[in-house]
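Structure below; questions to follow.
By letter and in written order, the chains are A, B, C, D, E and F; residue numbering begins at 1 in each of them.
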């Protein structure tokens, strides 16, 4: 069991590919995506047709989490509906998710 | 007057009203998202196939002028929408460009509702009109985004990719190509699915559009009367322009009316995603409420019969 | 006897059996939830449209008496269900009221299956019958909840809102209104979707109902033989009452049989949500198992042909 | 980064609006909803037609979380299928979710 | 040559191509999973119903020989696929068995596309062919898994359960039974839904298959040219065998061609789940890419017209 | 409020019934399932038709969590696409989930 950070980002569906690109660039090896609906301070959504929110969970080391959060914060936080947070998780055979 | 009433009593319009009413009654009615997206895919592909199979048997000469007019409309309407929004709507450049992108593009459902209304009134649009919908969808968005220029904090490249490879364009253009290549003969086997069932499927779709519009109605208060009025005048102006252009392009009465509805309509499928990406600072509550909350119901209820009336007047004179 | 077999061999009933079988075989077959909800929306709207377009051309006189009988049935059946459940079912007041709400309302699918069975047997129900379904859906629930009275720990107001604005009522009543306002002529374009495809779509729906029933069958052990027997007798009793009432109301043989099936059926769409909200302490395993696990298949397999037989006997005497 | 509580409630779909009302009354500014299926001690569901479970996630301060949990516990726990728990989360620009 | 072109221009094949193109263009087009599963359920049930209603009126004698040939093909093809993959494909026993299970079973969509191509070419397959699809689906998988023998680290029992109660078998076999029991007469009411709409629904399904194939195309690089070539030769070999067997079994020209396409096709619905469970160590990138990325498009574009040509040659000689 | 472990497993849909069996055998009283999509080191999925990933969340005691993780690790980790981790959670009336 390794202690990692579960980084969760919930935001507009249109952000999906951009957020995954950020993950990839930070060397992240995997993620899980679920569809979500949501309300927030901005309440922005391009359209029904583009779909509701997307939630991306990824298990990463603390440093990777912080680096991703910083980039996401700078690039998307001002203009996009997005929330991001981390939770501490004990991961089975977690060393394979360290990058 | 009678045409107006007749238009309002069509199942398609009534289903839209049912959606609005359900929202106002706070009913839990909703079309599940996957079903809604499945219906969209079906409708777009069906339109494409129909237009494509018409192109397969149409003479190029017949289509060339209307297609050119469509491109022209795709350039004129975003320009006029931008200046009107800037000047009379008192929006800033970014928001004006965002709104212009929507009015420069076309609302597929308005096109469909217009086609149906025209048919019920005993007229008929040209079979190749759906192909013009595909032509009209993109250029207006690009022209409008050019206005935003340096305001565009988002990525131009991504926005273009978003429009060009967005599912609505892929399905419309893909359907067109398939329809053209396969031709009416080979499409016969798929007609019961794509043609006979079409209007009914549109009704279900309209319920969800009504629910979405109902949600937008609440935003009208924040939008302000000024914008709401513009959201009614703009389609009238563009629509009338469209009817005239369609008539000049040699379209029939029904065709010119539908063409007017296309030009007068505001996109809420292709445009919003592109605008969101290119102009993330623009206010979605503003452009979506105008396009979906004001102009769409306006056209559905009032615009379409007026455009048909105008087309009749022009062509009989 | 032959009518019974014939009824059991209809695709609709067989698809229901396929669903049950798949569950018992522990197959992973399931209709995805959004598809199931999409089908429900389609079926309810289609029924509403059909009933509404019939009302548009029916004379009020023709409909008035059957509608009054429907309301009467909506008051009588929850009362009888409540006392029978209390007395012979040995349920407490809350559970009895919960069950009564289900038997006081109507199962849309039983109505549909009855209509089809009647048609196959060479009869035909009145075209306005779907309108009566909408009328029968609500009052029984309200009457039943009145019995629970102070037991109702849940919110009455929310329960009423739940019933009145629940999607099933909104779609049925909305469809009725649209059908009435538009009339048969304007509905022609949507017929291939809402009418021709109807029975097939019902088959898919029945598969999921079969799966859900299969899940409930396991609960039968806990329910006890006493309740299972009542779950068969109650629809017989109510159904026979319904046939008599329908005949008195001047319905045809087929119409009276379908009316019997409606009155004898137990709701599992509108009622459960309302009961859950108004009577959260009532045991869902009890009312859902009775309505969906016992009475629905009973009516489908045995009740419907019996009601048709009874209607024939009554009307030919 | 602010440390907040991620409050998660999973329950019958019929509870959805009531739970969101509770959140609103406690001044909560946003939430994320996902559709879920589940099994539990009560195993209650009104009907297929009403849909499966709903999961509501919301990031709030510890006090708000506790206040919401108390109200939810009192009003819904006896009669409804519902589970509620909190997890500690580090939230990007989390101060905007403090109410 | 012309038959080849004609086959490529059918809407079904073009929709498949649209899906591939959309993926290569990195479009966000996708059929939502519930819709895709709903379409699968519809298609499988429709095929079953069609085959079953044909069986209801066919004489057993007529069907017996083709059914026996089908079983024989279900035994021969996994054996040949296993040895060819082991020998020429240089795969280990586990991967060879995994691939063999796919080629031993049948691709329902290839069957459908072949039927349509044959019909367009003016021929017609026997009505009971869909029943043979159900017969061909399972045995090949079982035979192939026998080869893996001790390699099978997964659970045999679970794998068998997975195949036998998997939704595709339950729907196909269930549809067959329902069709047989109900017979063509009672099925009439559901025809508009299950028959008329069939080809159009297949088009939507093909879009998603194209998207999935497009995803697999990227994996082709890792698969290696050797396997890709085998993925084209194997269906040719099996397909030719199938045409001969079908002709020997007394099928018509069209029937033998469709039978060849069935035998030459590789399953990607029933087999993958069973193989994943029984042989979790086998490489999915290998067997899925071969079945879906190579053999399916190969058969769709080239195999089917060739089998028809071969069947014509055989039967006219 | 009781402190429990929220055990999350994300994996191929085909594993669903087997994972739930594991939970049941360890005396677990409830769980929540959501549908997810994902990418990981193995990227394996039997087929579209079998569906995307499944995410199973269950609140259990630390010992139960560890026992489940051990079994899951032994039985499924080598051949199947699966990730498993635990997060600490404060659960409302959590003692009913202790088994």
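Throughout what follows, a residue touches a chain if its C-beta (ideal position, glycine included) is under 8 Å from a C-beta of that chain, and two chains touch if they have at least 3 such contacts.
Only a predicted model underlies this, so the values are computations on that prediction, with no experimental measurement involved.
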item: Lowest number of touching-chain links that must be crossed from chain A to chain E; value: 2
item: Partner chains that chain A and chain B have in common; value: none
item: Interface with more contacting C-beta pairs, comparing C-D to B-C; value: B-C
item: Shared interface numbering between chain F and chain A [over half = same, under half = different]; value: different
item: Whole-Å gap separating chain B and chain D, where each centre is the average of the chain's CA atoms; value: 40
item: Centroid spacing, where centroids are CA-atom means, of chain A and chain D in whole angstrom; value: 21
item: Where chain F touches two or more other chains, by residue; value: 34-35, 87-88
item: Junction residues of chain C, two or more chains touched; value: 32-35, 37-38, 192, 196-197
item: Contact pairs between chains, per stated definition; value: A-B, A-D, A-F, B-C, B-E, C-D, C-E, D-F, E-F
item: Touching residues (chain side chain A, partner chain D) in the complex; value: 8, 10, 34-41, 53, 55, 69, 72-73, 77, 83-88
item: Partner chain E, residues of chain C touching it in the complex; value: 9-11, 14-15, 18, 21-22, 25-35, 38, 116, 120, 192, 196-201, 203-204, 207
item: In the complex, chain F residues that touch chain E; value: 12, 14, 18, 35, 44-52, 79-80
item: Of chain D, residues touching chain A in the complex; value: 1, 4, 6, 29-35, 59, 87-94, 96-97
item: Footprint of chain E on chain B - complex, ascending; value: 32-35, 37-38, 41-42, 45, 49, 161, 165-167, 170-171, 174, 177-178, 181-183, 186-187, 189-194, 196-197
